[in-house]
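In what comes next, subunit A is part of two complexes: it sits with subunit B in the first one and with subunit C in the second one.
Our next item is the complex of A and B:
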């Protein structure tokens, strides 16, 4: 898995978004308008249709 | 491919054999147009003195007590554990024998990085000698790791020794040595050079490749390469990592070399 850009189709919360993408338990960061944050610390945050988010997976090695 | 603005290197009590300035020099050579800055301990660098105790408590609470039990936020650290972490932050001791939840550790580092520097255009790399692990949901246990790419990327000098598997023969003989009560140092010496050991003189050279994995994570979103001779190969065996980082005839495969050339042309 590598970074992925997505466009939000309708208004929703971060929690709804990660639920729909089956990323609730995945180690990821999100980037919105240049701001990077942990989704689970921003579950109630609202995002709007047309917003472009970047999903940044945290990747372990070794 | 993303543009990179700057690379920051931090020292969270990494092994003495690790020469961070030498890694910075290497990165400056590979990334001609990207600034590389060496910072000290990330907590000491960013935190005001009165916050050190708070973070010492937070770090002490992410210790893994049992590798078969997933970390819980309800863990309450002991006074001695907090004091130990305070000393770690202030550089008065070095980690040994403690296992941390890697994702939680990374989250604590993330917290102290100012918002304006939380970007993939900035590559934050923390060299640490803390041993960290990530939870495997399928196997229901933790796995020790060498690196964890994110913001920041963390690279463990202890993980480099402990996480990638040593030669099979080593484990077989170790069982025999333990049963017979023989000196394990003797066994280690008989395998000298076959794996990276503590304070190994090859450590800095090996870590240059791991630093580049963090760079490529920011640059293209994927830190790894399938080519066993490329420094970006995700080695799970000591033999593989020594080959990728030291013995291979080339540093990077053609594909990753071309990314670097493109980056340096901007």
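Our next item is the complex of A and C:
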């Protein structure tokens, strides 16, 4: 469990990306070029091939 | 004041700061790996009043990271809140400390948070954090989120109407089974100790009125020793920050566990309908117990308990007679 950096291989929407990673129902934040955003507010946003996206899982343990 | 002499020397505290701490009131929800470290730090630092709430009993596998407990507490099956408070009173008898052995729900949380200056989150699931978030927003109480799993941890100060709230970060509860827990992928005691220490330090700063509070989500990973801060914005359409909707505080108890008549079995129903991937959950659970997926349900056996989980997130917890233990097992192994 940790943050995960992924390199986008081809142009995709955020919705497509989180769906492919089976993260649609997981609590996560995303970071691209220093900008943090909520995936569900940005489902239609296009991420271009070659971009590096960081997935930040929000956790519950304690 | 001699007891606190080294702390009083720290720039920005002094005698007047220590006097503020001695008049402060804190609530710690959860007394496990995070809660024991937070309670230990704050009692030694000299807060005036502390209330510790927890629903669980001390077990052997807690001792690796839950710093106020020992083998005698395991043998006596002591409630965590009581065992912790017994130790804390020996550490600093001048602090007024109360233990509450209970499950924190929408029915009792407003009473528990009454008159406290801050709330420290040391819980183990997202649902209760959303409840804390609603309650603290309603009563304008700052609270400090903290969580740890494996070598990864995070904390954030949540100041109602000022910072983003927890509902901004988690807009709705994820499906049961979609979040890893300490009981499915483990946790290092260094991770919980560091996160809890960061939380207690931020608590002291809040109580002292320090303006240099952390305003970001602080994330650590001890695998590569990385510490970084993430600026979390308020969500545009946050139901709580935007419209003041107290969905988790005002909900009408559909997730209240039900004891099934004549059997040592309790039914847990999630707050809302959701679809659980039982195959995914089976892969996680078979690392810590015996899990079998039967197409329409998942059966999981661990220790003396058996959990039967359905695709809508509902579960029967067998081998328990009290609702608190059933909820605790659900949070530990299924996770919400």
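Following the convention adopted for this analysis, the second predicted complex is superposed on the first by the 62 of 62 C-alpha atoms of A that agree within 3 Å, B and C clash if a C-alpha of one lies under 4 Å from a C-alpha of the other, contacts with A are read in each partner's own complex, and residues count from 1 in each chain.
Throughout what follows, contacts are C-beta pairs under 8 Å (C-beta built on N, C-alpha and C of every residue); 3 or more make two chains touch, one makes a residue touch a chain.
Since this is a predicted model, take the numbers as computed values, not measurements.
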Of the partners subunit B and subunit C, which touch A:26 in the superposed model: first, second, both, neither?
second
First (subunit B), second (subunit C), both or neither touched by A:2:
both
Check the contacts made with subunit A and report whether subunit B or subunit C touches more of its residues.
C
Using the superposition on chain A described above, determine whether A:61 touches subunit B (first), subunit C (second), both, or neither.
both
Applying the touch criterion given at the start, work out whether A:38 contacts subunit B, subunit C, both or neither, answering first, second, both or neither.
both
Between subunit B and subunit C, which residues of subunit A are contacted by each of them?
2-3, 25, 27, 29, 31, 36, 38, 56, 58-62
For the complex, give me every residue of subunit B touching subunit A.
102-103, 106-107, 110, 115, 118-120, 134, 137, 143-151, 159-160, 163-164, 210, 213, 217, 220-224, 234-236, 241
Residue ranges of subunit A touching subunit C (in the complex, touch as defined)
1-3, 22, 25-27, 29, 31, 36, 38, 40-41, 56-62
Across the complex, what residues on subunit A touch subunit B?
2-3, 25, 27, 29, 31, 34-36, 38, 56, 58-62
Quick one: which bits of subunit C touch subunit A in the complex? Just the residue numbers, please.
30, 32-35, 121-126, 129, 146-154, 168-171, 174-175, 178-182, 185, 187, 192, 217, 219, 221, 223, 230-233, 235-237, 274, 280, 335-336
